[in-house]
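Let me begin by presenting the structure, written as structure tokens, before commenting on it.
Order of writing sets the labels: A, B and C. Residues in every chain begin at 1.
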């Protein structure tokens, strides 16, 4: 048991299990799964579905944190991507009264993702080429990004009526939500890329000791740029899922506080903010914990406002546990 | 000559940290108006003793008496209040504040209650000016400390240390970054302070400096007190014997030379390379199978040269050719791809990635050279790492252990293993034997010779000139960030010193 | 000495430049009240940014400022509604704000946690607590409060200031003295310069670090009180993103994000510049207010890049 406890995923999984148990205790039928309208149905499926955008963003954030960086602009990028897609699809109806898209769907989606990746690249350039601190570099886009999105929408919320777009956030594939498939594919793809190529080693080296990695010949600049670009892309994907879900693009509220949730998910999963070693699985579990938390609070009957307070306490707890000084204090007190 | 009065007496000081007994029953006696040297190899316990004297750590056992009173410094601030001040290797001034403020920080003179009770800046500056004048230091008190060259920062740091009527001044490796003139200025200040009755504890690894300025020496070895000797009664060989613990005669083996006959073609040819403020334009050529030593005093540009050749720093002028062809060498990744390797001076900061395993550290440069296109699978990495660990005799709990757990010497070997894995054409070694005990040093020197015999061009930089003289096939002598000249193998230390001295006059 | 003042000079010049541009381009721009309004409309930002200046000078950051402000407004509204004495209410709010800041500072200093994440969690906590008090906007109609909110102190020449603006000015002046004439202030600068050296010098680093966050919490609460004068309501969604504006004001004011260099006076000008951007946009009439966000972002970027250049230059010359 003790060796099991030392496994890095033990605590995140344990926390998730605890939350699920609490849910099940207060909400009979929480764990029930059914089949309806050709897909799986139940609270668990809901949680997975709603956690998908957070999972996607958090995966991107994991790599950024691993290289000792940070991206607090992801919320703004979500809004921008959603806006671009919604604008290109438009809220038009064709002659037959059916909802139509002003541009081909692949073009709208592609453009949105391209812009999102561009935002990530912008952040990366500021950090790598201009040498700015990551929190400041991404702060710029966080501040200005929503302004840009608002400008594009003219301050309006753009509604989308085009059904094929809804499948991203609301559709099902082989019984499971499409959004979940997207998240799973991203996770799988990342895992493959990081463990079957040198990318994983390089990222861990850059995060572990950036100067040493550079001396060893690792192309730190290029890799860091890619990581930030990917984070932007991930935020773009999440933006598409989110706006597809609500069938609109709200430049003001889309992705609000998402960066904070993403950082929390990464930290809960066990990746240290100091960079170096990281865990994708941990991040996914972290995202699930956050989503389950919202549902747990609802099940227990507490007002939803408690959500923020609980998240705060969680962050404090994880931070303290990750702190060597705290652990030393704790162990000294035990004697 | 009667002994000067004792200012500080430390008795039976012991201190342990998890896993290691840093100090055991150590004695130290400091007298007024004397410069007392604290000597010992790396790991002897000098730093720990200083930290105890300055209140950073508390001793597990033992007592400290200052002017006859028993004291127990609880913190650097408390130690300063008691009269024990320290100046550390890095001058530790606040770069964004003025010299005056640095000198008076924490002890600001205050305006009277009626005038607001805030800090009296005019008085602050006056006090600073007065102190500097008393110590014979010529500095503008309003200048930001960060804008001063390292040597002047050092002097300012000493001024701060004695500003509070210090009875004991501890100088921890103060000359590491100073050139000969700057050392002279510092010693003048030390003599002045000695004349004023301050007891000075001087920690250094430069033997000649010990004999130039110190009155007594205390030697530590492996955390134990070896002895206290007046300088006049202990000569250099005796001092080294006390530090190392065995007779040195014959311990320094000749490194087997098997340099190929006839000059091989130049592998690396650097012409007119320079960087403003770091290195003046110079030419250097490295040939396969040859060890090119770089000798010079601190500050002569040795590390700067290495960093320019490896493209760690951007060069302002000059071209570098590899195998006779002009090379695009703008960043370390370029250098690695061209077959260069670099073991930096500071392995903790620029060498090892502490959290990664020994295996990953060893494989890193090779993988970096292969880029993302080709992948060195973990199984292959394991084979590679095990082979090199065995070949170099690296002592490790296993290749999966985090490299941070290894001792300094073994980390250094692992770093060299990293570059060996890339089969480099050129390997640049900056202070490869620093912080390694004598036995391991000898092993390492032999490995380096082996490497050169295999055809690699090696650049060997060391602060210990006798080491450079011993191993090199050719010696590049630097002085004041410029080339002073080149010497052939067997030139001997005297020739090197002569070349440095000649360039000076 | 001169090199240190350069960033501040740039900021002041920028402000004068913008003011000149405005008075040339728009009628009625060059009036006393327009300039005083800069201070009045941004009085709470000014107070919060002053506290943030100290945090950034010490090399840290405080993301909880906006949330603490919102919490303060809801707390005051709730207490006043429950019949509490207005001055007691203010006192409680300030004490809670300072205590909250001190707690964050303690965690940061004692356990060496990253300020970013601690104050991020603090932001969650403060806003969450604010929601727990009330999710809706609560109007404030306490007589004293309203009187203070509506008071106008005439300055002559047809201009007047609010109590909030006066508090802002007082805060700036007090902070300037704190920064330049007290041990605490100098220790803050020292920590920002080289924390290790400051510690070895025996400066009270731990106390100063806890202190800056305590100060930031206090000014955030004070800013919340000023905001409640301005808005006459308590609402959990007040001041969303205000910490970013505060950070922008501090950076534009010439304080280096790395810490150690900067002046409180600079922050005042940073706030005024943010204010003048909004005024310029309002006067233009054709630009939507979203442009403010973009311009602030661009300015922030420019100043950060300038700071980087500054750092690179001084390192090369040394």
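As a convention for this text, a residue touches a chain if its C-beta (ideal position, glycine included) is under 8 Å from a C-beta of that chain, and two chains touch if they have at least 3 such contacts.
These figures come from a predicted structure and were not determined experimentally.
Chain pairs A-B and A-C differ in how many C-beta pairs are in contact, and the one with more is A-C.
Among the other chains, B has the CA centre that is most remote from the centre of chain C. Per-chain CA centroids place chain A at a distance of 46 Å from chain B. Distance between chain A and chain C, defined via averaged C-alpha coordinates, is recorded as 31 Å. Of all residues in chain B, none touches two or more other chains. In chain A, there is no position where the chain touches two or more neighbouring chains simultaneously. Only residues 75-78, 80, 86, 88, 92-98, 101, 105-106, 108, 116, 118-119, 142, 144, 146-147, 149, 160, 276-277 of chain B touch chain C when the two sit together in their complex. Per the touch definition, chain A reaches chain C in the complex via residues 70, 126, 130-133, 135-137, 139-148, 150-151, 154-155, 260, 263, 267, 273, 303, 305-313, 315-316, 319-320, 323-326.
Against chain A, in their complex, chain B makes its touches with residues 310, 312, 331-333, 335-337, 342, 344, 349-356, 360, 363-365, 367-372, 375-376, 418.
On the chain A side of its complex with chain B, the touching residues are 196-199, 201-202, 204-205, 208-209, 211-219, 221, 276-277. Residues of chain C touching chain A in their complex: 61, 107, 110-114, 116-118, 120-125, 127-129, 131-132, 135, 241, 244, 247-248, 251, 257-258, 288, 290-294, 296-298, 300-301, 304-305, 308, 312.
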